[in-house]
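Order as written gives the chain letters A, B and C; numbering starts at 1 within each chain.
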Amino acid sequence: MTGTTTLASVHAAPRVRRARRRTPWIDRIAYGTVLVLLLLAVVGPLIAPHDPYSVDLGQALRAPSGEHLLGTDGLGRDVLSRALAGTRASILGALMAVAGAALIGILVASIATIGGRWVDDIVMRFCDITLSLPVMVMALGVAVALGPSLRSAVIAMVVAWWPGFARIARAEMRTVITSPYVEAARVLGAGRWRLMTRHVLPNSLDGVYVQATLEIGGATLIMAGLSFVGAGAQPPSAEWGAMVETGSRYLTSAWWISVVPGLLITLTALAFALTGDSLRTRNHPDAALS
Amino acid sequence: MSRTKGLDIVSLNTEVPVPAPGERVTPRPVLEVSDLRVSYPTVAGPVEIVSGFDLTVAKGERVALVGESGSGKSVTARALLRLDHRATVSGRILLDGTDLLTLSGAEMRARRGRRIGLMLQDPMTTLNPVRTIGSQVMEALRVHGVGRAEARRRSVETLDMLGIPDAARRMRSYPHEFSGGMRQRVCLAMAIVAHPDLLIADEPTTALDVRVQEQVLSLIDSLVDEIGMGVVLITHDLGLVAGFADRVSVMYAGRGVERGPVRELYRTPRHPYTAGLLASVPRVDRDGALAPIAGSPAQPASRPGGCAFHPRCARAESDCATVLPEPRRIGAADVACHHPLTAAEEGPR
Amino acid sequence: MSPSLLARYLGRRLALLVTTLWGVVTIVFLLIKAIPGDEAQAAAGVTATPAQVEVVRQRLGLDESIVQQYLAYLGRLLHGDLGTSIFTFQPVLGDLQQLIPYTIELVGLAMVINLTCGVPLGVWAAARHRTRVDNSVRLAAIFCGALPTFWLAMIAQTLIGRKLGAVPISGVSTLGVEVPRRTGFVTVDSLLAGDLTAFSDALAHLVLPAAVLAIPFMSFVIRVVRGSMITALEADHVTAARAKGARERTVLLQHGLRNAIAPVSTLIGLQVGWMMGGAVMVETVFSRPGFGSYLTQAVAHKDTFAVIGMVLVVGVIVTFVGLAVDLVQLAADPRVRLLETRRASA
């Protein structure tokens, strides 16, 4: 009975309760938006009112109307239909990039963790070097090496992003592997493989999940950016970044062509960022956004 | 901010304690706290951590504030300086006759450090790791408008007085370059460099080992004589109190349960809680097993009605659960208990 | 830190710098090798005749083993040979020397905007932790981070540049107000020439792209400053400072922000690189010459060596910025000093 920091305990109590309190409305909107976006990524192209690729120059640059709810682009294609169809490329592309990067990151972190000090040093140094290259520049390099396409953009982002995940996973694995219960399992004679799969991996991936959620938003932004500068999805494919680029010529006369996909990119990035932030706040109430 | 609601024990409190024979006669009080109430907002509404606490400290007097963790000691310390803006503080805190609770923010700030110094528990975290010792001690003077050269001179002087070897050179050192005991000396220097009238020391020795504890306490002790300040020593360790304090105030669940001269309280504890605390402290002058108090301390949010100690008390009767005991004078002590121990009983041992 | 320990630290740090640079070069080399198809054809350009391709293949040593190629590549880099652009027909290094100042100017101003807005907002939010101010700043930060740079650039260009006519919409200077090129930085050159009209003209061309580039990065700065300030402000030394009678301002700056220098400077170091990535899009939209627009063109023309050369140059810049950040932290944070002293003496 020696602890004395009454003040701290007084504040700790309400803080915990606050975190358990019902989810703030803004977080719930974010969760909802994420669900809707994921749903659209699956069914988007199916519910498009028009063919997103059918060119009709007679219908070009029509303002939003009953016929074309969000207007048409320079080739007379329905912007709403293209935006819906683009959900799949933009969001699934970002999801695949993040999932791929996270998987490789976890794998490399596992190798570094069980591989001993030398392996750990070399692997982590390599991660640091790769991280020092900006994702956008690195991805442009990869994209040009493989030839510009949506697939290259996804590969480029995996190549540029896995070290970030490897760092996070490895930091958590370090903490877990030096914890008393893993020590206990080791004493009981558990082998490396068993330690990794049964004890370390299941207990060290929370941070990776949260980071992944946060990064999906960023991945959407970079994917779109790559398409915008011509290193990602190529015309005529319906992808938000490419759509913004197509519309840039008409920004003063037909704003909807660029504004609609731009807003969708913002919405997606925002929804995933808020969701990730909300998840992180739940895990560590005090580490919110830090 | 003064509240009329609650216990009317102000008259009892303002009375200057009767000096026991052989104890020094205490001059007029530097600090008079009456009916102090501190509450914090929580999701479930405000929770009162300190509910009606009284304390008097005279110039040159050493008062110990004793209680288990969670009893509201540290909250009291911070409330006296109005340090936590989230806390709602009411009652009266008279510093040399001025009620601190009526002061503006700037007036309050002018008194912090200069009139009341605060020393915290952990010297590892009380010093800012990225700033030099010197800048942090000097800060206590600089914020009150003392010039740089003067602040430096007085800081070196104070560090020197507190036994930091080669103080002038060590001013440029960083906290990590000091041992725990030396760091706590620096913390003490920060608290008293502006020569306050009152030092509040919140568990100043808990993080230190026993030998260093004694050094730090004797330093504080010598300062009382040297600069004539009053000291409030906040601790959970009754063993520490015996050799240091003139008077003791025992706190339980945000209320004072017993206070009086230190010898009186050790020889004949009146409140069963005080007796229980004493029985759980090892003493060289008595044999017998240590007897910890049964049960766990009351939580502020779910404080029992009546006397908060009654669920853990062997002497509790039906009135203890319903009627809040008012402090009354027994011998030289003020005791808030319906069924206090008599001198003959010598406590439950 | 004593001089000998400092020397040992610097030695270790420079060795690390060399390793990192070598790592960057190697990654870039592997990138070239990963390119499917005939590298000699790529280097010679699509219009080259088979004979020309053979000449290039011999010149680049592509008929030799991969180890020899790697060594030859390292050798060429040491001589500053990043290859020749198949689009401008100029050595890539020369092109970059021409263009990099424009980009540094853009990134520099963006960083200034980023910090002068982001740091105070982060401090403000931390000081008002768990209040409406804190929540609003937090949400604003998340929102800033969710804006696509290229789209924001287009919208800002159209609304502020075209519709309001507040600033020029493209380029680095108005036709006719050019100043003699000395450093390559338009703002610096105009000041050197003593031409204030040219200076304000250059600034007007710079400010909107820089602001657009800064906005997503502010998001991170706000978050990191806020987060590390909140941690710092919970420490006992903050209570101690208040108990000394320090003003809230002093507490925030001396005991909060002062302690956040290390994480914030790490972030700034990383952001320099990320901003060069962002500049790719901003320069394209605002038709500014520079690293980014050169890169986009190079991508469009499948100008392999130009792209690879630029990846390399950015890697080098980022590596040196990292060194600068480490030195700043060494000077500002005794905890870092302690750690490095222990390592250096180990």
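Everything below uses one rule, namely that a contact is a pair of C-beta atoms (placed from the backbone, for glycine too) under 8 Å apart; a residue touches a chain by one contact, two chains touch by 3 or more.
Every value quoted in this text rests on a predicted model; they were computed, and no experiment measured them.
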Of every pair of chains, which is linked by the largest number of C-beta contacts? A-C
With centres defined by CA atoms only, which chain is the most remote from subunit A? B
Would you mind pulling out the distance in Å between where the CA atoms of subunit A average out and where those of subunit C do? 22
The distance between the C-alpha centres of subunit B and subunit C, rounded to whole Å, is 54
Could you work out how far the Cα centre of subunit A sits from that of subunit B, in whole Å? 53
Which positions in subunit B touch two or more other chains at once? 78, 121
Please set out, as single numbers or ranges, the residues of subunit A touching at least two other chains. none
Multi-partner residues in subunit C (2 or more other chains touched) are none
Within their complex, state which residues of subunit C touch subunit B. 235-237, 239-247, 250, 254-255, 258-259, 261, 332-335, 338
Quick check: in the complex, which residue numbers of subunit C touch subunit A? 19-20, 23-24, 27-28, 31-32, 34-36, 138-139, 141-143, 145-151, 154-155, 158, 162, 216, 223-224, 226-228, 230-231, 270, 273-278, 280-281, 284-285, 295-296, 298-300, 302, 304, 307-308, 310-311, 314-315, 318-319, 322
Contacting residues of subunit A [partner subunit C, same complex]: 26, 125-126, 128-138, 140-148, 217-218, 221, 224-225, 228-231, 241, 244-245, 248, 251-252, 255, 258-259, 262, 265-266, 269-270, 273-274, 277, 286-290
With touch defined as at the start, can you tell me which subunit B residues reach subunit C in the complex? 78, 81, 83, 109-114, 116-118, 120-122, 125-131, 136, 139-140, 143-144, 174, 176, 187, 190-191, 194
